[in-house]
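Could you have a look at this structure, given as structure tokens, before my questions?
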Amino acid sequence: MFKSEVKIRVRYAETDKMGYCYYGNYATYFEVARVEALRGLGLSYRKMEDEGFVMPVLEFKIKYYKPAYYDDELTIETTIPNLPQTRIFFTYKTFNQEGVLLNEAETTLVFVDKNTMRPTQPPKEFINKLIPFYKEDV
Amino acid sequence: MFKSEVKIRVRYAETDKMGYCYYGNYATYFEVARVEALRGLGLSYRKMEDEGFVMPVLEFKIKYYKPAYYDDELTIETTIPNLPQTRIFFTYKTFNQEGVLLNEAETTLVFVDKNTMRPTQPPKEFINKLIPFYKEDV
Amino acid sequence: MFKSEVKIRVRYAETDKMGYCYYGNYATYFEVARVEALRGLGLSYRKMEDEGFVMPVLEFKIKYYKPAYYDDELTIETTIPNLPQTRIFFTYKTFNQEGVLLNEAETTLVFVDKNTMRPTQPPKEFINKLIPFYKEDV
Amino acid sequence: MFKSEVKIRVRYAETDKMGYCYYGNYATYFEVARVEALRGLGLSYRKMEDEGFVMPVLEFKIKYYKPAYYDDELTIETTIPNLPQTRIFFTYKTFNQEGVLLNEAETTLVFVDKNTMRPTQPPKEFINKLIPFYKEDV
């Protein structure tokens, strides 16, 4: 199972008048977390797009337990529980600098061929980088 | 059952390099939809906050069927399926100007007393405005 | 001289922990104001882009006098002081619902041909719609 | 003269349909740059707010030379040209990973006492940390 961690600091722009990190910002944070997870595997999402793939989000769910505050340094733990096929599933846990779990989320994305705009298998390089993490599962 | 509709136009700032309305913007759109739904009832969320209530989001789920594009005029249909207690549940459907259903979502929020920061019953005025829509259910 | 007005309500997402509308949101508001100004002239910026023009911003200046707050209904007064050539200049004044001037800003944009990515003259339709507002100046 | 550098990677959420980093995001980037500049001095903006100071922006100017693109790793060079008094002036230069200058900007902020909401002198600690960088100028 592939796991990755990324740190994101809450910007002033991302706070709201309640003093919380606005609940809508996590979608952006998880996008950053996904991209950095791929980068950790040696994969560039930017290059994937340049090579003709896009990965729109099909589904997003999040449960908020505690708010994050301005300047908090969040750790987002990203997991890809299964080897992806046309669809790829990610789960996320957000912790603050005290180690408190702030929220848990999941997203489903789909690999799409930019030319046909139809679902497609993930790039070979993508699967090859992930396979070692799922050996025991196969 | 209380239903409300609000129109939101996709801003340039809200598009992404795929040409889509970025998937994370809907959380903001639904917040606008909630506030306008309340305004349609004669309730001001701003005033509610001034009077000591805040309504953080506990849970958010969304399924994306089709993207919205720049300058699309979206219609968001907001429903409060049940008379709220400490928690209030909203469902949303987003349509584009051709009437195509783009996504469906739901949020759970909680009424919180700003002084104690503990869950609380909704303001009386809030419930009184909503009750007529749920008479048959009672 | 062409003038236009648009109303924009401050969203919760756009507030910050100071309780203000975050200073960076005005760039987005002015983009909306520009697009609505063009729409008022019978011009669609979306259609212009589809037809091969883009209008990146070259310069942006803003002076903040007073903050806007959550749920404020702002009026943005947009002016095109001169008939545009390759560059187009806009000025903006933002007022709140009490008529208080909150800020003044200006932007310079350039018409760019999407294929060559080089500066170009504005579309004929664009100039034709604007000319009547500058007759005396010619 | 105090100078500082911070790296910021362009998020997918921050791109627009032109494929550029949206022009309005730089206000947020410069806020991050300011806060990290202060952190580099051993100062926490968060703590300053907790201790009763806020620093609203009075003026913001930016000239855009070249766009940034998705996943670009930008370097923002922040300078405080003069020892601040009630007002503090920052200048910024944004470079991409190829060292190309993308834009130049400046902001004026004011120290405000949170209780009175009136302009005030900067906190002593703030000035003490900065003084060594301006010795020759005095």
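The chains carry the letters A, B, C and D, assigned in the order they are written, with residues numbered from 1 in each.
As a working rule, contacts are C-beta pairs under 8 Å (C-beta built on N, C-alpha and C of every residue); 3 or more make two chains touch, one makes a residue touch a chain.
Just so we're clear, the structure is a prediction, and the values are computed from it rather than from any experiment.
> What chains do chain C and chain D have as common neighbours?
A, B
> Sort the other chains by how far their Cα centres are from that of chain C and give me the top one.
A
> Go ahead and note the Å separation of the Cα centroids belonging to chain A and chain B.
From the centre of chain A to the centre of chain B is 25 Å.
> Report the inter-chain centroid distance for chain B and chain D in whole angstrom, where each centroid is the mean of the CA atoms.
Once rounded, the distance between the two centres reads 35 Å.
> Counting only Cα atoms for the centres, state how far chain A is from chain D in Å.
Roughly 28 Å, centre to centre.
> Check each residue of chain D and list the ones that touch at least two other chains.
Residues 12-13, 17, 24, 27-28, 31, 49, 70 of chain D touch two or more partner chains.
> In the complex of these two chains, what residues of chain D are touching chain C?
It comes out as residues 17-18, 20, 23-25, 27-28, 31, 49, 54, 56-64, 67.
> Can you tell me which positions in chain A touch chain D when the two form their complex?
Touch residues, chain A against chain D: 9, 11-13, 27-28, 31-32, 35, 44-46, 49, 70-71.
> Show which residues of chain A lie in contact with chain C when the two form their complex.
12-13, 15-17, 19, 22, 24, 70
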